[in-house]
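Each of the two complexes below includes subunit A, the first together with subunit B, the second together with subunit C.
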Partner chain A sequence: MEQWTRREDERLLSGKGRYVADISVPGCLDAAFVRSPVAHGALRAVDCTAAREVPGVAGAWSAADLPDLPPVPYTLLAGLATEDAVAGREWPALVKDRVRYPGEALAVVLAADRYRAEDGAAEVTATIDPLPAVVTPAAALDDSVRLFDGLSNTVLRGEAGQPIDPSVWRDAAAVVEARYRQQLLLPSPMECRAVLAVPEGDWLTVWSGHQMPHRLRRELAALLGWSTDRIRVVVPDTGGAFGSKSATFPEFVVVAHLAVRLGRPVCWIEDRRESMFVATRGRGQDQSVRLAADAEGRLLAYELTIDADIGGYPHLGVGLPMQTAWMATGAYTTPHVHATVRSVLTNTMVTYPYRGAGRPEAASAIERTMDLLARRLGIDPIELRRRNFIPPAAFPYATPTGRRYDSGNYAAALDLALETLGYEEWRAEQARRRADPDALPLGIGVSCYVERSGGEPGGLHEFGSLEAHEDGTVTARCGTASTGQGHETVFPALVATVLGIPDAQVRLVEGDTDEQPDGLGSFASRSAQVAGAMLQHAATRLIEEARARAADLWGLPVDEIEWADGTVHPAHDGAAATGLGDLVKSTGPLRVEDRYEAGMAFPFGAHAAVTEVDPDLGTVHVLRLVAVDDCGVVLDPAVVHGQAVGSAVQGIGQALYEGMTFGADGVPNLADGFLDYLLPTSTEIPPIVVKETRTPSPGTPLGAKGAGESGCIGTPAALVNAVADALRIADPDLLQMPLTPDRVWRAARAPKHEEGTR
Partner chain B sequence: MKPATFDYVAPRTVAEAVEALGDPGREAQVLAGGQSLILEMHLQRSRPELVVDINRIPELDRMSVEDGELRVGALIRHAAFEAADAVPGPLGTLLSRAVVNIAHPPIRSRGTMAGSFGWAHPASEWCAVGVALDATVEVTGPEGPRALAARDYFLGPYRTARGPRELITAVRMPLLGEHTGVGFIEHRRTHFCFAQVAVAAALTVHDGVIGDARIGLVNSADRPVRARAAERTLLGAEFGPLPAGRRLPDTHPFARAGRVAAQEDAVPVAEPYADVAYKRQAVAVLVGRTLREAATDLRARLAAPEGDHR
Partner chain C sequence: MKITLTVNGTGHPLDVEPRRLLADVLRDDLGLTGTHLGCEHGICGACTVLMDGRPVRSCLVLAVQCDGGSVRTVEGLAGPDGAPHPLQRAFSAEHALQCGFCTPGFLMAAAAALEADPDLGAEPDAVAEVVGSNICRCTGYEPIRRAITRAAQEQREQAHER
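Now for the complex of A and B:
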């Protein structure tokens, strides 16, 4: 195993992974969905007759053909949607009378394979009267076109913090304002969504690449009207999720319903084109900010207003922007912070958590605005941040927007980032270039982020167990589900360390609701922080149980039994130690079940970027990127490093490349797939240096915070700030992500900030 | 891949291929490298009833130099041009500088130059090189072979003068003679995607004066463009020393040619993240830079020892 960095790598990197699409079940039918070509419209009729005549087609159904088809289950998890938002706004699994996003499923065709199913789908006809499409929050807010007749498009209004007294702005030495667009992003996992439902008698086994198998089981049981113990959800190898695989999607509802109705296995393997149109989107906020400071650069007040385009139906995207509002304060001691949210329905597939999930939007807004303020005040942006950081002694720190930060040392992270970058040398290079009219402009940007990991109250616990076997090995079970993060490596090593046995003697079982009856799953950077803490706790309990048994066996008080390196032995009499396996042999099965609750954690860091801009073409060349992240106690440096690099690349994607435009009909211009929606490729990745500071979380004995989302959160603002610094532009609104060449070219021609200050 | 149903034939000779294409009852497509066809069929935007796979026709897999022209058979892959000395003289340099912008190495090992001419995407590098150099497209159909000049060949996006029953057998390009320098610069958002704009240029200098200039514009109209107005501004101009700095002064002939190309030759089509104004800007900048690259290439050639034909 030594040649592989992670235990799962031999399997995943040599083509031996087994994904949902690799699972062959005799008699399985493949689903193809007939999808709406319009973004918004009234559905008049769907005719599946011709599809049913196509050879190999087992059946074709529209909503009218399936009166018992349940709707997509809504969720009020973590307060991310509300009863008010979902009331009267049902999401049908197949369109009944109104299309609300392009690609929404109008009908389903099942056939012996996907080719025949697609041939059948091509024969389905639908009559849709197009309606004006509402794509932007601004267009949706005025309710001139409503997605649900008689109901407002605005499904949630929320706030964090207290309204700021107007005198604060009036009396401040400097006030800056800006508007930012957090564009819609596609999570783009390598493996798109997949579900396979296999009915057997009264039971249903569902295979799916999924982050929350227990939630999927619970929601499927509810929509089928079954008890949860009749459903088993198994998560096989899964090619990424980034937040996009935790729901019971419309297609999943249809597949489960038809599998049970027909008594046959049914699968749906989403292809890339479907994924680009109908998988969840991330971000999607129009923001305005106002930030005030006194003449010394001490922050006085910060206001953030968010209009979030959440897609065609109220789902988790309803409350997701509140995550941004709660995290609006950032890393600073600003006394007055007020954030307001309006979540509005728009004619696109729903927005949903995507790696970062509300925190990148918050970090990007405050960090871009800090640079704007620094330029206004004529203070170095580093110095401005240092003057306002929450100091280490102030933790736990209650923010004006309702968060209680657990621990942090923000200045230490920034110092390490600047030292690693060579900040002073780059400033000198920048000065040299500014004196040379022929040199390409160079800019330096930093972003000091704070985020939240682990989840929200009510979702901060995890379930699991440890079982010792007669051969001395241990099986760990937990309710998380890896979609590629390396749980098979990290969790056994963690358990082995506590028990004092070799890593190879511990095996992980997860992502199977029959093996592990309760669980929450993997989201919000919580697996290491919460499930890791649970397993550490379970391991200490296993040791206690082993000592108690040994005490019984040997007739000794338990405090005379010691544990060392996976063995028990009497403290005093010098008898030979007894291994865990022998203890099981002589005392019977040894298993501890656990449920453990962690505290919310607040990882942080400082990212710094150097960019060179070609003002004539508008191209941005990232010369250096430094990411200093603090996720508390690091369990596996290689795994954390991989998370840091991967998420930084996705942050680069948001800053420079990823985005979609829409036609006048509201349909996104994605016909050519990844030729239209550009992901950064290996060619675009700059040198990324990852370093860390380690400030343990006091929320668990383990002390780990989430490490999975740092780059998405910290990197975008560092890059945009670096470009703004290179161009010295006065108007921050000109630099909207992604910083495409045309945008940067236009920004480069705009007035410089020396000429443009108020 | 989930294409619509199609029939497939793999002829062994050009005559057999033409015969297959000649079936009036079926819409046919020619498969060479499949660089574009496979994607289009996968998305069912192209639904040919018959795919004529020409990969087993040996006579199409030949590249030769005849009468001062390079003749590229229809099966010659992009990768064949990656080495600058694969083709003699400045043409080899130009093709090698252009080819690295075409997709990725695995695709370049399958896709063909003739296929690019057949598909006629406005962002095709080869097609712009072709119009700049007055390439010739050889086709064979039921009526026999004919040769089409590149300037008459491209009719619009994906539209050419080739008849549906005709097979492209080869593309011919004139070898560029002595005293010619070449350049190719492409601008795109990531290495993966199509060019927003790219420019091919060849400058020929005699007695210190620019005697011939050829400029091809990629993705600057609905078809490849030869920037004749820009070329004219250069003819007869003195081939002077290049400016020392990175940027061309606005008064430099190359910068002037760039502005003319942008305003008079280009007819940009707006795309997401590249409207007409931005594309004109990119054309102006890239033409200037590519001419400069060609001039630098020419100086290197003139300075090279006798017999060094890079």
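Now for the complex of A and C:
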């Protein structure tokens, strides 16, 4: 054990991890889906006859062959979908009559293995009359092309804050405006989606790399018309998720339906090509902003308008852009903030939470605009931020956009970031280069973000239990599910600390709905914050229960029983200690069930970047990146640090590399996979320094806030601001992410903002 | 097609379809599921194994191409006595894995580099080349670089002690 840092490590490093695709079930059929080559079209016919003749094929079905196939469920959780938005807009698990995104499944083939299933899929023919495709909100908004006949493409309108009186803009000393594109991103966990459904009698066991096993069980039960106790969902080792593995996807519906119908195990192991076309996307917003300040740089008003492309169906993410609206205020005391949202259907796969989930879009918009305003006012962007930060004494702070920030010290995070970066030295270097016509321009950018973690009201609780055994060990259970965050290591250590016993005596069981009947899962960076707080609470209750039993056993008042290092003893006789195991032996099974509700938390931080730009090549060279994050009390510093670095790298991906273009037919240009969609490799990674400040959350006794999404939220704007600073561009709209050489080259040739300011 | 693969030192006579990928034969026919498929088009490197000592993307190699050859997978990385390979220990120590899905590919690519170049630990550019060959979405790569360097330096020190 001691040679392994995390409990997960030994199996994952020796090839003994078990991911869904590694599970071998006799007689299991592999699913391959026949996918639409067009983005939008009327489906006239699907013919599976030839596929059924292919050796090894067990069956092939289109929607017409499966009249009982349930549609894809929608989720009201966290307001991700609304009844209004989905009304009249069914999402069939296999296309019935209209293709609404490229790659949408037209048919499924089951066979003895994936090779034969794909042989069969190749024999399925479909007739589709193509329709014009709309892949941006701008193109879809006017309803000249409708995804659902007779219904608007605009499926949700929302707002946060109050409309701003026109006089505020009129009277302000400075008003800046800009438009930003938050491009669609592919979350791209290394393991694509996977599901294995094994029916046995009246029961169904479903294995899936998933963030919310209880939700998956509930939704599968509903679509099968079963009670939830007939379904067991198990999450084995999972190869990353980043928000993208928490729904019941169309393919999952088909697999569960056919497994039950055939009475045979069925699995679907998504391949990368499928994932790139039909796994959920993140971001996808067209934003316009307006920010006003007085002559001293005090913010007066901020307006954010969001047109979000939510994809072909509103079921999973129609309400996600509201996260951006609610977080529009950022880190500042701006008195008037108004954010409006239009969620618009487009002929793309559905938009859904991806690491950051609405908050990167909010942070990026306000932080880029702060730099724009600083340039307009001729104030150092750092100074502008300092003048407007919500001060530590103002917490809890109610924002104009409806959030109640729990705690924060934004200036402290910024100070640490600047000190770590060497801000003044880099400014001096910038000045030197500006005087040297041969030097490449250098820019410095910062981004001060506020995040929301834990979830929305109604989803801020978690379930779990602690069970003490006769050998003195403790089993912890909870409703979360790790997709790489090391829960097996971190949670037992937390419980062991509270109980005062060695870490090795506590074991975690999670990701199995038979072991833990209720649970919410791992999303919104909530595992440490909410499940951690629950386990800490359960541990204190276990201690209380142990003391009560000892009191009974010894005939003493309970307040004369003390707990120390995993033992109970009478207050007057420390030598008569009885261990937890012996207590169980003499008093029977000891198990504490818990349901614990936390408050929303608001992690924050400051990221700072230095970039060097080659105006002739359009390349961006990141020289330094500093990320200071504050996620309150940290359970395992190395684990949190690791997630912060990984998150920052994903933030670099959004800023500089990741994005997709579309053909005139609306099909994304992804034919060459990861050669078309550029994930950061180590070659692109600058020196990254991650530091932390620790401002506990008052929302739980534990004081942890969510960790791991910080880089996706804070890093992109720091990088874009650094490039804008290097190029001194007048028009911020020219720098849209990703900052490809083409975009940077063009921006480098555009008019500069006036000299005399930074 | 009848072929013989020596995998992690054990010979396996196999009858495989010519189209089957080495990765699938390792995983499905031999049950060696430590080799993971991350992209199936040769970019991510999660499926990297050693073929006659050289790293290959097992999603780009047909099993029949390996007929008579030897293959080493992550399951064959530990010593004959089961002692972990220095890379395995270093990856754990440096937090060079989170979800673990890409990890076998990085381990095998690094193992090949380490065996080809005992001085790898003193050559940051060579380590960077190994790390740059695969994709990881969790760690941000720096811990992987540190882990490979650590294992290489440890191996070198042990060689000197002998």
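Throughout what follows, the second predicted complex is superposed on the first by the 752 of 758 C-alpha atoms of A that agree within 3 Å, B and C clash if a C-alpha of one lies under 4 Å from a C-alpha of the other, contacts with A are read in each partner's own complex, and residues count from 1 in each chain.
By our rule, a contact is a pair of C-beta atoms (placed from the backbone, for glycine too) under 8 Å apart; a residue touches a chain by one contact, two chains touch by 3 or more.
It should be emphasised that the depicted structure is a prediction, and the values quoted were computed from it without experimental measurement.
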item	value
Partners on subunit A (subunit B, subunit C) - clash or fit	fit
Touched partner set for A:D309, first subunit B, second subunit C, both or neither	neither
Touching partner for A:D371 - first (subunit B), second (subunit C), both, neither	neither
Per-residue touch tally on subunit A - higher for subunit B or for subunit C	C
Contacts of A:F674 with subunit B and subunit C, given as first, second, both or neither	both
Contacts of A:D438 with subunit B and subunit C, given as first, second, both or neither	first
Following superposition on chain A: angle at subunit A, subunit B versus subunit C, Cα, nearest 10°	40
First (subunit B), second (subunit C), both or neither touched by A:D594	neither
First, second, both or neither for A:T619, with subunit B first and subunit C second	first
Which of subunit B and subunit C A:Y115 touches, first, second, both or neither	both
Contacts of A:E510 with subunit B and subunit C, given as first, second, both or neither	neither
Subunit B versus subunit C as contact partner of A:D271, first or second or both or neither	both
Three-chain overlay, closest Cα atoms of subunit B and subunit C, distance in Å	5
Common ground on subunit A, meaning residues reached by subunit C in one complex and by subunit B in the other	115, 271, 273, 674-675, 679, 681, 683
Complex interface listing, subunit A residues touching subunit B	114-115, 118-119, 122, 271, 273, 438-440, 616-619, 657, 659-661, 669, 671, 674-676, 678-681, 683-684, 740-743, 745-746
Contact footprint of subunit A on subunit C as seen in their complex	17, 19-20, 24, 27-28, 31-41, 43-44, 46, 73-75, 77-78, 84, 88-89, 91-93, 95, 97-104, 107, 128, 131-132, 134-145
In the complex, subunit B residues that touch subunit A	2, 4-5, 43-44, 187, 189-194, 196, 245-247, 272-275, 278, 281-282, 285-286
For the subunit A and subunit C complex, residues of the former touching the latter	3-6, 8-10, 12-19, 21-22, 24, 113, 115, 188-191, 237-240, 242, 271-273, 483-486, 638-639, 641-643, 645-650, 672-675, 679, 681-683, 685, 688
